[in-house]
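The following blocks contain the structures, represented as structure tokens.
What follows is chain A paired twice: with chain B in the first complex and chain C in the second.
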Partner chain A sequence: MTITSAPVTGEATKTWSGRAMPRKEDWRLVQGQGSFVDDGGMYGQGYAWFVRSPYGHARIVSIDCEPALSMDGVYTVLTGEEAKAMCEAPFFAIAPPPGSLMQEWPLAVGKVRYQGDAVAVVLADSRETARDAAERIVVEYEPLPAVTEGVAAADPTAPLLYDEAGTNVVWHGVFDYGDVDWALENADHVVKLDRLHFHRFSSTPLECNGAVVDFDHGTGMVSVLSNYQMPMFAAMVIGPTIGVPMNKFNFVTKDIGGAFGLKIGFYPQIAALALLSKKAGRPAKWTEFRTEHMLTAGHGNERTFIDIEVPVMADGTILGVKARAFDDAGAYLHYEPLGAVIWSQVVPGCYKLKHVRVDYTEVVSNKCPVTPNRGYSRMQHLWMIERIVDVVAHELGLDPVEVRKRNYVQPEDYPYETPNGCIYDSGDLPRSLDIALELAHVDEWRARQRELGTGSGRRIGIGIGSTLDSGTNNFGQSRIINPELPFSGNGEVAIAKLDLFGEINVNLGTTPQGQGHETTASQVAADILGVTPDDVTVSTGFNQANNAYVGFSGTYASQFAVTGLCAVMGAAQKLRHQIVKLAAFALHADEDEIELAGGVARVRGDEERAIPFIGLANMVYTNNAGLPAELLNECDLNARYAYVPPFEVPDTVAKTGNLTLTYASQVHVCVVEIDEETGEVKILDYAAVDDCGKRINPLVVEGQVHGATGLGIAASLYESLDYDESGQLEEPSFYEYHVATSLDIPNIVCGDIESPSPFTPNGAKGMGEGGGAPLHAVCSAIQDAIGAGGPIVTDSHNHWARVYEMLQRAPGAPRGVEVISRSAGSDTGATSL
Partner chain B sequence: MGERGTSHSVTVEVNGEKVSRIVAARQLLVHFLRDTLGLTGTHIGCDTGNCGACSVIVDGKLVKSCMILAPQADGATIETVESLAQDGALSPLQESFHEHHGLQCGYCTPGMLMSATYLLRQNPEPTDEEIRRGIRGNVCRCTGYVNIVEAIREASRGQATERRSVQATAGEEV
Partner chain C sequence: MLLEQVEYVRPESVGDALEILASDEGAAPLAGGQSLVNVLKNRVASVDVLVDISRLAELSSIARTADGGLSIGACVTYDALDRSPEVRASHWMLGEVAAHIEDQQIRNKGTIGGNCCLSDPTNNLPPILVALGAVMELRSRTGERSVPAVDFFKGYFATALEPGELLVSVTVPPIPEHSGAGYASLAVGADAKALVRAAARVTLDGSGATIADSCLVLARVAHVPVRDAEAEARLNGADATEEAVRAACAGVADGMQPIADVHGSSEYRRQMAKVTARRAVVQAIAAARGSRNGSTAGGK
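Let's look at the complex of A and B:
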């Protein structure tokens, strides 16, 4: 064995941050050497299979596990009642009453509330035996009437999911900013929409959920190897339930095959597996299968807006909006009702709306629980705002580009305070729109649209989607939902270490799922430590034993570029400080004379006086006799840094405060062609302009833009999760759920501008969720193709049949919109268009 | 594996190595590769043959390995993602996926690479439209397919350039 100092690959003085570097992770992933959850396991593990309800809503009469237990190879079965008896409390509730009365346990107790609700779980010596055994368990159900629509679920006469709550309403609140009544009375026009519906869909990561959980009776340790994306949130929720303190968990993640927020929702399964392991005395491995995922892993929030009123001035200035929103959380509250406040990070969208009142109701229904899904909760609201801006232009005969530019927050307005106290940090929306229009060749398509005229059987439509990708939550906003919650602020941790032979290692608190954290963290650390990114090893995934975490650690909500990379920056700077101090001692120099380059600390201008990192590591780890205690105390070469963004606790009564640190923006332009005979929508041109402040790795940023755009287009045209009245999911596999393929997603042309954030140490803004821009843009394009006098696009999902119906709708049929206009000098002269 | 019921002997050549195992009659080829042989590069994404994460090449044909039973592959020659890199060097397609950021989470990537490998064997210089058709059976949720199409196109161009220079050299020799 040859021992050499690990770094020193040259090129050390280059600046790596900001470069479009191909990723380090790729090497293992392109060779099939990634380590995903189902690839691993634990010694002596059994295989778990959940027994799930075929009904949307039913009482559990009896469960007979005997036929399964008598099979060879079956270790044990755990039922809901048994699991509850092993627990100390139901899962922690975010909501105050009545939402807090809607209790959840690791497995269903007494009744099932959605199709796929787990009533028992089997552990056996193989996956096949476990599945066979699960089929033999006899569960007798008494079916109950179901409710599967959000507005209907709020009706007091609807079937109740939780008798003990006495209502299906989880949470209700009025968000009232400015004076919308004044605005409606004084506007030149009031545009009224009956209903807008943001549909239920999921970004369905290609790797399903999975976990291997071991409950060690000897130490009391619960080891969780999983692809869960916010590990300490799971620990905080399930710990008090199963009676495990935080320091007895060891959450570990490795490579994760996509998550998009959806891998926050499966902590009940982890809790059930911990109890199953405890009962069986061996580790329990569970790998979700696709239909199980479609039924139970979590869907995105479905939201219905009704009674929408928009005050508009004659010049197209939109004063605000008034609406009622009903958000359907599904059967259990996983992370909900946080969505009921998270949307308010973007109250006015990209626009200077001053007067906004949203009467917000969140309900439970007999559908799969919702879980954050890329663009979580803000996307639904942004879609509503973007629809009304589009409809205002459409109904008042104004240019949709001009209406947007007139109402956008302008470049000179930043930092811009929204009516609810959020601070938009920077941006240039008009320029972003201009670039997007050019990249999508809008002038040419407008000409083509005119040429085509009527009677060709085809229509061209051009649409715009302006959106925000708010990042780095202030968890204090949760107190607007429940003032008793002990949450505020945010943070992330990184540890930078010089190891025994001078190797540089960085541990993160994040759980990357394709965002390239190993690469971008290496770029940032390399610049500070005077090495190349290849000289920096970033540990894969999360490991609780590394101690690199806070309660909010994980990868979600567009924040890594800020929270994660500022933590890396802080940790690397601390390590650099220690290296410099040690080198100054070793080289008999002043600290300000020391420079780091190529894995060596040296005296500036005197390169003979140098010591490699391995020498410094040796001084601390293995050869420290005689060194001053003060030096050793300060320089342990193991630098932990917690980045904490500057936040205050919001005003929970007024529902105001700075709810998030950064606002990346995206403007998309979409050109569609609609076949009048079939309603089929084809995308002819697509451009996305992103502004996420300073980019650490433009290649990764562009990849995120592509990905969010692809998922948004997929949701707008192909993917929808629908239930029948009894609570049966109509798309329980990839046969029915049309996951968009390479033939469905067009080429996406990207543009970018960089408006650095003044609020972050590195000028970056979190990005990646994309704010649902394609949903906005596609709806806008379809609206444009339908043309004046046609129906309003009221749904975020527009598959061919819905488009066909809109094209066929008879003239004079309800259009879903009404405009009340005040004539000059009169406040009563209403006309309905 | 504690499997009860009928079992079969399966002999296949996987990535150049001949292997024989006794497996359950109902074992899927993908489980044979992953669980029995430990070749975990081949992934499972849907169970219904829609997503292509489990794509491998069997006797020269592209196959979704969750759609056939291991005993049906008896006697076959199988190539998986683990066969693509040779002596520590990535294949041109693997290199190109890396260079052009054609992967993010990496879960679809092994299947995508096998489909792309098959495509370029059939059609060494595909158009973008042909590339999109070639990978239509492989779902990716991260990239919007943009950089995957680019990676395959650029790999094919690189290979085409190489092929032409080889042909030119061969021509000179003649």
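Let's look at the complex of A and C:
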């Protein structure tokens, strides 16, 4: 088979969209001319330093700020109690009771609930002074017993984080689709797994969090220069708490050095800085340190699945799955418990599972609060699905490729409705898998694996990770968590403008963090306005004063290609319409005679009759006497467009509905070699096949694939955030947490197919998160290397020591899996392995 | 950035440095600063006066001793060790270990003295120096003394140095005929902290077929480098083959209670100590046989 990158369907590319163009923003970023939050500041600012708890769980007995306040250069100190007194309400809760009873304020009040919890914040004339002063604040704590494991936290006897709630359970719900009991009774085999655990890790952005916040006593304006990635969400959460209406905020972002969802979590710090600035009467600047980031900025969701039962037919058809899930949100609910529903965007994974019941519990524990983290909540579930598919193949002696192909949603099934009413838009999973197998040279590695046999001390394993990146959320799914919430749908805004000298400017509501928005937005606008991408200036980052936003604006959850670029498309088309109208007036022609090319509007077929954009801008901005009022009313050359994807409010009782607009798919194949004497896992070959519909810029897509793949491999082999029983993080710095670098990541061979989405105006799908495919593929490869009869890979993190331990485990030791076979003709009857 | 206020002096001679160190309890020598400055920034230790010894010519040279060994000044950097023709000619593996310490920026600044005096159990040089039988030359205002490397490392960030005392140089004896050194570490991930290391020196008999003498040093099993005397006894007299070495190393660390930390459990360390020990001894045998005094493998 030959592999081509050619699209399988879809129309020919236009001039700029679809081209693999280098990113416009890169020249400034690679020359050190990017401008990040710490590069910015405000007149008269002080420097903030948070005083943080060394304990995982403790009562705050007293705080003595006097030693800090008496130091030269210290402006003020704000404690948790004081901050609370300045607030009108705790932060808005997404959860209904009991979750809503777990109140959070800008700083800890009464007790600390995780190591790093902020109890006070200092403002001083330098960072050094602020830090020195913070060290002098004396906080007396009374340590409390901690709970640091999700399943244990749900136990009624566990130490409580919030006495007011009377439980650590934030939210519980049963997602029940089809008839899993019937399936379990009628299946030929039932594969049972005791426990699967998806570990905690972070995507480790290069740039930590930061903000400069000014509370202007004169105007009441709160200016927030930050690298927060979903600005209006922060405004909506903290506004009612600190008593600031939406029109008194001005959120601004600049270049952002990676966010991955983690930069949705630090709104409490922004609120605390606003109050600190209010108290001090000057702006407060805070730049997070790496250890502070690792302790407090947010970790990805950790999820434990127990009592997993998988009904399977003799031919390998998997009927569904039944499981209990415990998601550990950490100490405070930042964006949570949205994760408790977001996974249900991908209930059956890539497969035609019909009968699914997940009994889902979300808990708090004495650990860093979780935040969305690349692949947010779906990755955990998809990993579980992919593990069970792999284990089914393994335990029933079936070919893992065949089991996947048999159960995949097939190309002819699209649009495919999942058991909970989500609509998978398009794709070709079997073909994606074939391409990935070919690119990773699987036939050769299988032969090498057989050659190697046993006794060489080395083992080869081949693994597959099939996954989905669901993009463009329907925020109505939040109502499945809490029917009272006033959220549904989604949207994004762009403004396309012709400036005074005819320059084209585009403002976005997004907060790019490396996704190349300046490039792709200018490609799209250039095609519509008849110019080159270099002629289009896309402003960097978010600025509330631009008025290019809706409540959901930002960059997160795999949606820019749809929400962002469709907004750009709409705005550019609106602007084009105005340009054409003005040109038709100026050139005494019909509108349908006008064409735009090279920054000029002209009459088709008559080159002499033309007017450059500067002439049109002049007509509107600086030379408009005598123009018809109707023309001026319609053509202000300032076109704002809000793209709103088509969604309905989900059924909150049945927990069904269309929860996301698009489903990009990723199929990864990983070949590993394991050194039996150390457990070392070395990746020998790696292929990633992405299908994200129409690609506006294939180079940007490939960059995202590389990034997501690197992070996934890092998480699967190197990166894990673990707590001891008292709630101490065991990896609070890069000394303990090995962040994978390019030296750890193998060469990644990318393949692609394009199955355009029928639901998006541009055929594109969001794809930046990547669905955690490497975690699935690496686990699957390790499982393959362990071979028949060995233990099951039950954890998403497989440090060498864990692999070594699995290889050492005595034959006959519990394997964590059981197969019950009931088929009439089966020669094994009921077996218990 | 973000250091506490600290004084800085740069004495003109070792004598002056010793005067300052003796007169001020809060003074500490600053060599490459690659650990000390980080420690100060993290505020896990504090110092009143930094006595910068890094530019003292007296401490920065590498000299051949009369018996063919090396005398290495305490402020010789890793990069200088790596690139020294003297070191490479007689103690190839020492240069190789230095060449593998972290990245070039750290190798440009970090010194053999700092690496030893910090006694950070993860540091690369202490185990190889113990294996090579190095001697630490210490000086204070009142006198000089020599401490064998094996006795110099006292514990977690603790050495035999007395207050006011400086390490001035490290004497490394010559490597005897038919001898070689090996060095192996196990780290999960590129440039990650090693979870266990082994350094070995072996001397083969005249025929090159058997191991006449050996020194096997394990690091990260305890907080300081330790010799595994039982394994050495099994190695001495054994065939100089991979199988025989594997057999002799099967019991490595069995009598020890390896430490456990975030980088590895006690039991995993014990098992990995066997593997790295074997790898280091096999390298050392190859080196002993080779024309070089060190093999091209290892050092990491």
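Assume the second predicted complex is superposed on the first by the 813 of 833 C-alpha atoms of A that agree within 3 Å, B and C clash if a C-alpha of one lies under 4 Å from a C-alpha of the other, contacts with A are read in each partner's own complex, and residues count from 1 in each chain.
Heads up, the rule we're going with is that a residue touches a chain if its C-beta (ideal position, glycine included) is under 8 Å from a C-beta of that chain, and two chains touch if they have at least 3 such contacts.
Bear in mind the structure is a predicted one, so any value in this text is a computation, not a measurement.
In the superposition on chain A, contact is made by A:L743 with both chain B and chain C.
Look at A:S203: by the touch rule set out above, it reaches chain B but stays clear of chain C. In the superposition on chain A, A:G34 contacts chain B only, with no contact to chain C.
Within the superposed three-chain arrangement, the count of touched residues of chain A is higher for B, of the candidates chain B and chain C. When the two complexes are overlaid on their common chain A, residue A:Y735 makes contact with chain B and with chain C alike.
Of the two partner chains, neither chain B nor chain C is touched by A:G465. By the touch criterion defined above, A:G509 lies against neither chain B nor chain C after alignment on the C-alpha atoms of chain A. With both structures placed on the common chain, the touch criterion links A:Y804 to chain C but leaves chain B unconnected.
When the shared chain is aligned, chain B and chain C each come close enough to touch A:E128. Once chain A of one complex is fitted onto chain A of the other, the partner contacts of A:E702 are limited to chain B, with no touch recorded for chain C.
Overlaid on A, the two complexes show chain B and chain C touching the same residues of chain A, namely 128, 735, 740-741, 743. Interface residues of chain B, counted against chain A in their complex, comprise 1-4, 24, 26, 34, 39-48, 50-51, 53, 80-82, 84-85, 90, 94, 97-99, 101, 103-110, 113, 128, 131-133, 135-149. Those residues of chain A that touch chain C in the complex are listed here as 127-128, 131-132, 135, 677-678, 680, 717-718, 722, 730-731, 735-736, 738, 740-741, 743-744, 799-801, 804-805.
Taken together, the chain A residues at the contact with chain B in this complex read 22-23, 25-34, 36, 38-39, 72-73, 124-126, 128-129, 203-208, 255-258, 260, 289-291, 513-516, 699-700, 702-703, 706-707, 709-711, 713, 733-735, 739-743, 745, 747-748.
Chain C contributes residues 1-4, 43, 186, 188-193, 262-265, 268, 271-272, 275 to its touches with chain A in the complex.
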